[in-house]
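Once you scroll down, you'll see the structures, which are given as structure tokens.
The same chain A turns up in both complexes below, where it pairs with chain B and then with chain C.
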Partner chain A sequence: MKLILDLDTHRCSACGACAIACMDQNDIDPRETAPFRSAFCVETCTGEGDKRTYLSMACMHCADAPCVLACPSGCITKDPETGFTLCDNTNCIGCHSCAMACPFGAPSFNREGKMVKCGGCAVRVENGLEPACVRVCGQHALTLVTEEEYKKKHLETSLKKITDLIG
Partner chain B sequence: MKDIDRLLKAKIPCPETGIEVKHTICDICSPTCHCGVDAYVKDGKIIKVEGTREHPLNQGVLCTKGAANRDYIYREDRIKTPLRRVGARGEGRFEPISWDEAYTEIGARLNAAKETYGPNSVAFFSGFSKWYRPIFKRFAYSFGSTNYATESSVCFESTVIAWKATAGMFSVPDVEHTKVFLGWALNPHYSDHLTAFNVLQYKEHGGKVIIVDPRKTPAVDKYADIHLQLRPGTDGALALGMAKLIIENGWQDQEFIDKHTYGYEEYAEYVKQFDLDRVAGITGLSPDDIYEATKLFATAHPAAVHQSASPVTHHHNGFQNYRALISLCALTGNYDCPGGVFPMPPTYTIQCAGFPTREHEFADEVKPTHGTPLIGAGRFPVWDAFMDEFQAMDLTRTLEEGTPYPVKALFGLGINARMFPETGRFLKALGSLDFFVAADLFLTDTCKYADIVLPSCSSFERGEYKVYPGGFSLFTKPVITPLYESKSDVDMLCELARHMNLGDPLLEAGYKACVNDIIRDLSVTVESLEQSDFPVMTPEARPPMFGAYREHGFPTPTGKFEFKCSVIEKFPKEWGVSAIPTWTDPLEDEEPYPFTLTSGARLPNAIHSRAHDVPTLRSLRPDPLADIHPDDAAAAGVSQGDMVELYNAHGSIRMKANLTTRVRPGNIHIYHGYREANANDLIGAAHLDPCTGFPGFKSAGCHMRRCEEEKA
Partner chain C sequence: MNKIAVIGFGCAAVHGIQGMREGGYTGEIHVFAPVDTPPENPMLTTYYASGRISPEGRYPFGTVAELQEKYGLTLHLNDPVTRFDAEAKTLTTRSGGVFAWDGALIASGANPWAPPMEGDGGDECFPMRTMADAQRLKDRLAQGGVKTALVVGASMIGIKAVELFVNAGISCTLADIAPHIFPLAALDGTAARVETYLREKGVELRFNAGAAAIGKRPDGGYTAAFTDGSAMDADLIVLCVGTRTNLPFLIPGQINVNRGIVVDDHMRASVPGVYAAGDCCEGNNLQSGQTQVIGLWERAGTQGRTAGANLAGENAVCDGGMVQNITHFFDMDFISVGDKRLSGESVSFTGQGGRLYIEAVVEAGQIRCVNLLGGHRISGVIRSRLWKTARGGARGLSPEEIGLLRREDVPEGFITLLGGSGL
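Now for the complex of A and B:
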């Protein structure tokens, strides 16, 4: 059952509670290791006025994750069950090839120089718990859904848009 | 990795890992948001936190600050033992002493001041958090002083006073059943995330939202059907202009006005001065937007108005701004009815839970009767009429001038000098004290001025009584033992009462005895509440009775909703306080400046200064930033990240520029409480609301320039 960490940007306010919960779960001291998850408000100005987009970002757990191929030590794997991109950094040589390959800047490096990143709180999920970032979110903007639920939700959104357009 | 190592690394609570989940509450911010927290505890240490699903308030979620409780509790600057100052005030050199030595010295020094200068020469002050306040107030009274004050001198109380002066008691909106929600200063995402979710659900079910705010906040971006982005401090003019439109168009509820209000004619006559073009000029809004918002609000029944803690009252004209806003509820008949705004009596430490406690009687029954005026008496007439605490905004002057009598000792729990406008003056004035004792979790810059410093513990390390909306009561249990030699604030007060032989049997019997006395009219007790890890329903709790006050009268001297405040009406003319909500310029007492400075609107990762030194929270916005409109920045040659100086007659601070479309041109927003850039260095100690003494934190004048030598 593939799992997806989904973000509803209409609900997200970039409050960063998810980022803090992630640091708490993973014992990240942001003074020495870049956090796995970050929240942003991106402001854009166009002729029609200004707009703010609220985002929370971490590893996107890409289906065809470029970091997996980039790692010369074979540390990064795709979990066949959940689809999470997992990293066992026992053999990590700190070469940053994964970071070069990742389009989202997800890999971080710990005090020992080894790669660390969001693992989808896979062990929590195995034990019936939600990822820390999902569990904390007061606006229920971050959710963990199955691939089927994700597809269904997006189909419903598309259908609603079309219905609204044709009245 | 072995299974047990995987479980330990993921902090899975189970017998194999020895990780236990224990239930407590967060008290990092206001008592209205003290969410339930699950503490993951291993070997007596908290290793992770999460919201409590069974808690009726937060139902499992936490805000940014709440999620950082572990980092907050284990901050490196926690005070470890009682301390005695050995260096100069502010220097930060202390020697550790025992609790017994501390109590002996505190008792001797407070008594010495009392004997030499009188009981009111000893002042008591509570900052954050507010949970212990009934005990602290009783301690001050039992000691013999009525000079008790809190940070409510600059927080929620001006709003409460405006309600008391108008309808007799504080009131809240019934968002769930309203058709239009007038979100005046509604920005809950970063201050009250639970309200943010409630409004989100209201909105998703088709509710209409108008937002009045000088900034484009997340609430504006997500909820607003109409956003009135007014100039700071012009709220009163907008509300009075809306009133004029409502009356002109016949949208008022004449039946409610005739039956249930006092002073309508005078109010209706006064609002005639606020025609649409004039109001548009004052507020910087378009006349069309004002008209549309007014029509939407006034013609939908029912409509509710958001009640904010202090953004509307943090102005030189704040009290009357708020009264003008409240008046709209009665004018449209949206008061004391479903879907409108309804009276809600507070239960305990500002939380409304639908049942009464003896919170106030508990302190008042030992109140000294010597009649010595409070600090600041006579300076802020509306404050004097409605409050029984001293207005802390007169403390700096009192210490400096020693009039009408000297204040020689100060007992501060959680006292923060950066709350005081012209902070440097306040810190200097502390030098006139014979004795200053401060209790806190952290060795703050203010603690460094104290003679004795006491280590307080956090909510995770103590048991405490709490109430929650919906009729819930809770008595928490500590989830870890207090760190180092720290103690619960109430335990130190009760122990000190015993040590000093205050002659107060309840205080001397301890905190649980005090709480049992406060809730003695209820069928719950500390012992019965301790049986549950979660809040339990209090049998005496009742849901709000809409219309009860319409039927039986409002708790004002006239029994009516007072457009014209009958208490203020009796003030001598020379006090200069209007009984109807009038509008004055928020900067009328200031020199003209090119920019209006607004300080204090919440950041998600900050609550006053108490989160600034929490590493995880600070990492979300490491630098103090000045939010500047891109047009203003361009005119001053300022780019993103440039160091800018903000300065006025009171002082100067430096911050990095953050160019943002959130703010209005001409209006700079900054957060407060930073050690390296203190917003209150720019707020004049006399820039106060003459009615209530509330500071003009949200509108002060300033200049802005780029610091050439520090261009990023």
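Now for the complex of A and C:
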């Protein structure tokens, strides 16, 4: 059952609770490791006036994730059950090739220089829990849905569509 | 199709095999390789020699037995192909065996290359391409007594060899016949910064100085003479000058070969039934529209997978690639995307309080080539953007892309240049 971590950008206020929950869940000290998830507001000027977009971004768990092929050490794999993009950094050499492959700036690197990133809170999910970021989202902007559920949702408001960015 | 020959057992070969099986091909797959070791990644050699990865970490695809079982392979290891007849659809191996095939994937990679050099020490230099090379260097360092090292070739592998020696307390010199470091990738301003940084790390740099001769000294060391007339002694010399495609088995005139086997966007060679992928082939350069050997791990995988799928009867396309590099050394990232030979105006930016340096070549408002020092977290956004531009599908940056760039304190001027209109 493929899972998708989805974001409804109309509900998101970029409050950052998801990013804090993620750091707590994954024991990230932001002074030495960039957080896996970040929330921000982007102001752009369109022909119809200023526009604010509120976002919460982490690994998009792309179906055909470019980081998988890019990793020279074979550290990154797709979980056949959930579709999450997972990393076993035992053999990570810290070359940053995965970062260069990722259009979403998702890979982070720990104190040892090894890649770490959002793993979809796979252990929580296996045990019937929501990912930490989803659980804490007061606006219910972040959701974990099955592929079938996702297809039923209105794609216009979904951050998932930006996976089309992958060249 | 019931018998496919795969020549080579590296990244492109493994992904090709995977593409065949995932594409539904159930026939025989015969793999021919000159060694009996698992598929390797040349990029990992210096990491293994330095101890950064364990022996188990040398082989990113696992063991030979695992691959054989996973994909149902018939292996012809330690038995390289010596003659490949594309018209008769046969190949001959070193042991004298003749094998008839229905389809073939040539993924024989590239070998290290060095210019002709005088002297009796050249054969004892260390190339850095295979795990056997890495093991040899590792063993030599373990013997001790290496106080000085010379690395010839200011390449991505060369810089990692330099880092290895400096971290081991070995006095290191880096030499190249080019005038600057990373001659195929670094723009002038970026190269100057990298060179300053390396000198601060204690690395001696010799540019415009190719190796002309390497002679043995009575004490077991070597003397290298350079093309600029200078010379130096070193206890150990590593050659990272470059590579050449490994295609000695082709019959001249049968398959269209330039520097590598010329392939189309389906990874087809000029003879039906023959595909090529990886470092031995020339695929499309999206920027120039010309075919070119682009020796990148990710490209080899994509090309291999495409070739394999098509050998299985699918209609997969690999429209090409771009020249790109990333290397991380002494806590510095050097990142390059795009062909530095393309002309244009040079612009530069700094961000993150000076920790990020961006240099770009711009033509008609489009970035043709960009270098980054630092900034690996934005490199993917930039790479994706340049690939889209090269494919003709570029539009303004999305809010997500703009947000990611701002998150990393990228100068607004560069974001605008990259396509962030309407900021």
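Here is the rule we go by: the second predicted complex is superposed on the first by the 153 of 167 C-alpha atoms of A that agree within 3 Å, B and C clash if a C-alpha of one lies under 4 Å from a C-alpha of the other, contacts with A are read in each partner's own complex, and residues count from 1 in each chain.
Everything below uses one rule, namely that contacts are C-beta pairs under 8 Å (C-beta built on N, C-alpha and C of every residue); 3 or more make two chains touch, one makes a residue touch a chain.
These numbers were taken from a predicted model, which means no experiment stands behind them.
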Worksheet item: When the two structures are superposed on chain A, do chain B and chain C clash or fit side by side?
Response: fit
Discussion item. For A:C45, using the defined touch cut-off, is the partner it touches chain B, chain C, both, or neither? Pick first, second, both or neither.
Written reply: both
Practice prompt. Look at A:N91 in the shared chain and tell me whether it touches chain B only, chain C only, both, or neither; answer first, second, both or neither.
Written response: second
Practice prompt. Could you tell me if A:L69 is touching chain B, chain C, both of them or neither one (first, second, both, neither)?
Written response: second
Practice prompt. Considering only touches as defined above, state whether A:Q25 meets chain B (first), chain C (second), both or neither.
Written response: first
Discussion item. Tell me the contact category for A:H140 with respect to chain B and chain C: first, second, both or neither.
Written reply: first
Worksheet entry | Distance of closest approach, chain C and chain B, by C-alpha atoms in Å | 8
Worksheet item: Do chain B and chain C land on any of the same chain A residues, and which?
Response: 41, 43, 45
Worksheet entry | Residue ranges of chain A touching chain B (in the complex, touch as defined) | 10-11, 13-17, 19-21, 23-25, 28-31, 35, 39, 41, 43, 45, 50, 52, 54, 88, 121, 123-124, 127, 129, 132, 135-140
Discussion item. For a test of understanding, state which residues of chain A touch chain C in their complex under the given definition.
Written reply: 34, 38, 40-46, 51, 53, 55, 57, 66, 69-74, 90-91, 93-97, 99-105, 107-108, 113, 159, 162, 165-167
Worksheet entry | In the complex with chain A, residue positions of chain C that touch it | 15, 41, 43-44, 47, 52-54, 56-57, 60-62, 297-298, 301-302, 324, 326-328, 333, 335, 376-381, 383-384, 387-388, 391, 393, 398-404, 406-408, 422-423
Item to complete: Provide the residue numbers of chain B that touch chain A in the complex, in ascending order.
Response: 1, 6-7, 9-12, 14, 48-51, 58, 60-64, 66-68, 70-71, 189-190, 193-194, 196-197, 200, 216, 218, 221-222, 604-605, 615-617, 619-620, 630, 660-662
